[in-house]
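In the two complexes that follow, subunit A is the common piece, with subunit B as its partner first and subunit C second.
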Partner chain A sequence: MSDKVLLSVEHVKTYFDVTKGPFSRKQIVKAVDDVSFTIKEGETYGLVGESGCGKSTLGRTLVQIYRATEGRICYKGRDISTLTQNDRKEFTREVQMIFQDPYASLNPRMTVGEIIKEPMEIHKILSTSREREERAAELLKTVGLKPDHIRRYPHEFSGGQRQRISIARTLALNPKFIICDEPISALDVSIQAQIINLLKEIQENMGISYLFVAHDLSMVNYISHRIGVMYLGHLVEEGDADEVYENPIHPYTKALLSAVPIPDPDKAREKKRIQLKGELPTPLNPPSGCPFKGRCPIATEACEETRPELKDYKGHKAACFRIQT
Partner chain B sequence: MMTYTEQIEDSMFDKLEESEKDTEFIAMESKTYLKDAWDCFKKNRLALAGLIFLLFMVVLAVMVPVLSPYTYDSQNLDVRNALPSMAHPLGTDKLGRDILVRLMFGARISLMVGFVAAFLNLIIGVVYGGVSGFMGGKTDMVMMRIIDCIYSIPSMLYVILIMMVFGSNIGSVLLGICVSSWIGMARQVRTQVQTLKQQEFALAAYVIGAGKLRILFKHLIINCMGPIIVSTTLMVPEAIFTESFLAFIGIGISLPQASWGTLASEARSVIQSYPLQIVWPVLAICLTVLSLNFIGDGLGEALDPKNR
Partner chain C sequence: MALLDVTNLSVDFQTDQGVVHAVRDISFQVGESEVVGIVGESGSGKSVTMYSVMGLLASNGDIKEGSVTFDGTEITRKAFPNQKAYEAAMSRIRGNDMSMIFQDPMTFLNPVIKIGKQVTEVIKNHNKISDAQAKEQAVSLMGQVGIPSPEQRFGQYPHEFSGGMRQRIIIAMALANNPKLIIADEPTTALDVTIQAQVLDLIKEMKEKLNSSVIMITHDLGVVASLCDRIIIMYGGKIVESGRAREIFYEPRHPYTMGLLRCVHNPEKKEKLMPIPGSPPDLLKPPAGCPFVDRCSKAMKICKVQMPKETVYSETHVCACWLEEAERRKGERHV
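Here is the complex of A and B:
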C-alpha cells in the first residue's frame, strides 16, 4: 500500500427525483448525502451500513452509473465528470465493479468465454480472438475455475462460481480499482470465505485498491485497511479497520458491532447487545439534525437541531456531538 | 459438556488433492439455448404438426409452376365449375381454371404478405421500442406520443389511403398493413427493455465501457428474443387474415392474380350452386392461421426460460 491517493470523494450527494407525475409534490430521495473520503493505492476501504443506507448508490455513483447531484469525485486527481472521451475510456478500464447478485450480473445469453472476452474486445486489449480466448482461459484459472468451463453458460454454475466469473471479467481489464458491492452477501457462508480470500490474493498479486461494501462488520474488518460506516446517506464514522472494530466511538457503530456474533461462547456471554429501537428512517424526507437521533440511546437536544460534522479524533473520525475527548 | 467416546484425530482424515480444493461441481449438461428450445418444441405435438403443415404449404407454393400443367390464369371454358376429378383434384372455378393451382398461387401471395409484414414489424418494432425504452426520459416520451398518434387512426383508413396514392398492388397492401401493426411489438419491447436495463448485467456492461448500441442489442434485446419471436410468429397469421379480408371485400391486388381472400370472394358469387368452391380457400386460410398459432404457442413455451 502506498501513500498516493487514488480516489477522492468530496462532499458527494446523489439524490433521486421520485416525484410521481407532473402535478404532485416534489419528492427527493437523498440516497447519498454529503459523503467525503479518500482511497489510497493498494488500499481496501470497507463501507458498512444497514441495507438502504446508500452504499450501492455511492458505489454506482463512483462508476458514473448515477451522476452525482453535487460534489466532486476525483480519480488520480482529475474530476471524473469532466473527462474527455479518451480519458473516460481509460477510466472505465481502470475502475471496475463487482455486483451483489451473481444471478443477475452475468448475461444469461452469453457463454463464460464471451463474458470474459467482451471487456477485452471493447478496450482492444490483445489483437486476435485467439489470444483473447487464451487470456480468458488463464483468467478462469486465476479465479479458481477450470479453463474448459469457457464454453458453458452462466446458468450452469453455482452462485460462488458465478461470482468468480464476475471477478474474472473485471480482471480482464487489469483494473487499478474495483468496487465490490456486497459481493458475498448472496452466497453461502462456506463460499463467502473463499471469495474473500480470492479477492485478498488478487490484491496482493496485482496491487488493486478495493472499495468493499458490506453490511457485516466482521467480514469487512478481515479484508479492509480502513472502514467507513454509513447511516442514512451520511458517513458517520471512519478510521483504521482495527481501530473502528475494537473501539467504535459512534453510537451507531457500537450498536452494529454488538450485533456481530462472536464464535467464543464465553466471550459472547459477557457481551452486552445494544438494541436499536425504531426502524431505519427513509432517505425520503430525512429528519433534520443528526440522522441517527431517533434511534440513539444518548441523544440530547443538541442533536435535534444541527447535523454533526465528521470530526477527526487522531485519525479516527466520527460525526457525533456526544463524543468527549 | 459433551464428550466423544472415541478420540478423533487429524490423521483419520484424508487430505484433498490440491486440484479438488474449492471446486463445486456442475451437474447440468451443457446445452445451448437453441438446442434446448428445439427439444422442448418437438415435444409439443400440435406445434410440430403446425410446422410440418406450414413447410408443406411453402414447398407447394414455391414448386407449383413446376408441378402443374396449368397456370393460375389458364382458362378452359369446357370444364367450368367442375367437381373434383383426376384432372382437377379440387375442381375448377366458373372460368374453368384449376382451383388447386389457383390456391397454390394464392398461397404465394398470402404467405408472402404474412411473412414480409411480420418481418417488417419485427425490425421496426424492435428497433423503435428498444431505442425508446433504452433512452428513457424525453426521447421516450416523444417517441411514445408519436406511436399514440399513429395508433389513433384506424388501420383500414391507412390501407385505403395508401391504395389511392400508390394504386392497387401488393406493395400498397403490405404498406397499409404495416403502418400501424408494428406498434404492439414496439410497446412490448420497450417494456422489456425498461426492466432489463436496470438489471446488474446491463450495468456491468456499462461499467466495462460498452457503448449504447452494444448494450441495447447484445445485452438487452437478445434477452427478450423469446417473446419477440413468439409475437412475430403470431403476426404472420394476423397479416394473412387482414390481407384476405381486404381481398374479400375487394381491396387489394388486381385480377387475375389471386390471394386466398380473392378466391373466397370469387367463390361467393357461385355459392348457391357450387358451395364446395368456397370451402377450399377458407380451409387454406383456417389451417394456415391455425398452424401458425400452434407454432407460436409452441415457441412461447420452448423459449420461456422458466420451463427449463
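Here is the complex of A and C:
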C-alpha cells in the first residue's frame, strides 16, 4: 500500500427524484448525502451499513452508473465528470466493478471465454483474438479455475465459481481500482472465505485498490485496511479497520458491532448487546439534525437541531456530538 | 422421550436430470424444550429434512425410507391408510403442535390480505372461537412480538411493514397456538444485523415463555453459537457431526466442521481465513463413501468407497469420520 491517493470523494450527494406525478408534492430520496473519503493505492476501504443506508448507491456513483447530484469525485487527481473522451476511456478501463449476484451478472448465452474476452475487445487490449483467448485462459488460472473451462457456459458453474469468472473478467483490463458490491453475500460460508482470500491475493500481486461494500462486518474487518460506517446516507464513523472494530466511538457503530453474532458459544452468551430501538428510517425526506437521533440511546436536544460533522479523534473520525475526548 | 425422533430418513427428488438423493439415511432426536441448530451449506439437505418432517415436500420429493415420530406418533405418509387421512392429520399438527418460521416473510404472507386477517386465520383454524375473541388474541400476540400499536397495524397490508416487522408477524403466527416444536428455517438470513439480533432475542424469549423446542436451520455459525444447546452439522445429505454447542465449537472432530470454523472470521482471534477448497458434491451421483472426501485434506483410500462409522465421544457428541477409526486401529496394533 502506498500513500498516494487514488480516489477522493468530496461532499458527494446522490439524490433520486421519486415525485409521483406533475401535481404531487416533490419527493426526494437522499440516498447519499454529503459523503467524503479517500482511497489510497493498494488499499481496501470497507463500507458497511444496514440495507438502505446508501452504501451500494455510493459505490455505483463512483463508477458513474448514477450521476452525483453534487460534489466531486476525483480519480488520480482529476474530476471524473469533466474527463476528455480519451481519459474517460482510461477511467472506465481502470475502474471496474464486481457485483453481488453471480447468477445475474454473467450473460448466460456467452461462453466463459467470450465473457472474459469482451472487455478486452471493447478496450482494444491485445491485437488478435488468439492472444485474447490465451490471456483469458491465463486469467482463469489466476482465479483458480481450469483453462479448459473457457468453452463452458455460466450455468455449468456453482456460485463461487461464477464469482471467480466475474473476477477474471474485471482483471482482463488490468484495473487499478475495483468496486466490490457485496461480492460474497450470495455465497456459502466455505466459499466466501475462498473468494475473500482470492481478492486479497490479487491485491498483493497487482496492487489493486478495492472499495469493499458489505453488510457482514466481520468479513469487512478481515479484508479492509480502513472502514467507513454509513447510516442513512451519511458517513458516521471512519478509521483503521481494527481501530473501528475494537474501539468504536459512534453509538451506531457500537450498536452495530454488538449485534454481530460471534461464532463462539461462551463469548456469545457473555456478550452484552446494545439494543437499538426501531429500524432504519426512510431516506425519503429525512429529518433534520443527526440522522441517528431517533434510535440513539444517548441522543440529547442538541442532536435534534444540527447535523454533526465528521470530526477527527486521533486519526479516527466520527460524526457525533456526544463523544467525550 | 424425545419430542421429535427422526430415524434413518432418506429423501429423493425426481428431476429431469435424474434422481437427487437430497437426504441420505439420517437420524436425530430433539428433546423437550431443547434448541437444536442444523448447520450446513446450500444443498446439504438441512431444509429438505425439516420439510419432510412437516410434510411439506415439493410434489417431486418423496420420503424413500425412515420414520418420523412426533410426540410418540408416527407422522410419515406410510403410517396412514390413505393420502386424505394423512393430509388431515398433518393439517391438524401444522400450525398447532408444530409450526414453521420461514426465511422470506414476503413470500409467506399474502400481499392482498390484511395482516390482521392472516394472523387470526391461524388462530381460528385450530380453535373454535368467535371472531371477536380471535381478533383480541391476534392483537395481543402482535403486541407480544413487539409490533408497536398493534390495533392500528392489524388493519394494514404486508407491504406497509418493514422486513423485520414482517418477520415478527411470521413469528407471531408460528406461536399463535403455543406449539411444542418451532422449526425456524434461516429466520434471519434476509435481515440486517441489528434486526437479526432483535429477532433472535424474540425467538429466545418466546421459547422460554412457551417452553417449546426449537429447531434452527442456518448456515451461520454465529447464530447457532449464542442460541442453540445442541448442533447438528450436515454435509452432502448426511449428518457428519453432532454435539453440544461447546463440543462442536471447542472440540470439533470432523474435518468439515473444523474447516467450517476456520472459514468464519472471528475478529477477536485474528486468524487467517482457511477456506475449504472445492465445492459440495453433486447429489445426483452421491459418493459411495464420505460426502466430504473430495474436499478433505486428510482423505484416505477407504473414505472414497465406504461411508464412515460413527464414533461416539460423549453422550451427545458423535462424529462420522474414518480418521478416528484409523487412529483406533493404529493404537490397537501398537498394544
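Assume the second predicted complex is superposed on the first by the 325 of 325 C-alpha atoms of A that agree within 3 Å, B and C clash if a C-alpha of one lies under 4 Å from a C-alpha of the other, contacts with A are read in each partner's own complex, and residues count from 1 in each chain.
Rule of thumb we're sticking to: contacts are C-beta pairs under 8 Å (C-beta built on N, C-alpha and C of every residue); 3 or more make two chains touch, one makes a residue touch a chain.
These numbers were taken from a predicted model, which means no experiment stands behind them.
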Can A:222 be said to touch subunit B (first), subunit C (second), both, or neither? second
Which of the two partners, first being subunit B and second being subunit C, lies in contact with A:109: first, second, both, or neither? first
If you stack the two complexes on chain A, which partner ends up touching A:245: first (subunit B), second (subunit C), both, or neither? second
Once chain A of both complexes is superposed, is A:253 in touch with subunit B (first), subunit C (second), both, or neither? neither
Mind working out whether A:50 is in touch with subunit B, subunit C, both or neither, as first, second, both or neither? second
Could you look at A:161 and tell me whether it touches subunit B, subunit C, both or neither (first, second, both, neither)? both
First (subunit B), second (subunit C), both or neither: which does A:194 touch? both
Both subunit B and subunit C contact which residues of subunit A? 158, 160-161, 194
Can you list the subunit B residues touching subunit A in their complex? 22-24, 26, 28, 30, 32-33, 199-201, 203-211, 214, 218-219, 222-223, 225, 305, 308
So, in the complex, the side of subunit A touching subunit B is made of residues 60, 63, 65, 89, 92-93, 96-97, 99-101, 104-110, 118-119, 122-123, 144, 146, 149, 151-153, 155-158, 160-161, 166, 169-170, 173, 194
Subunit A - residues contacting subunit C, complex: 50-51, 158, 160-161, 188-194, 196-197, 215, 217-219, 221-222, 245, 255-256, 258-269, 271, 273, 275-276, 279-280
Provide the residue numbers of subunit C that touch subunit A in the complex, in ascending order. 41-42, 162-165, 192-198, 200-201, 219-223, 225-226, 245-246, 249, 259-268, 273-277, 279-280
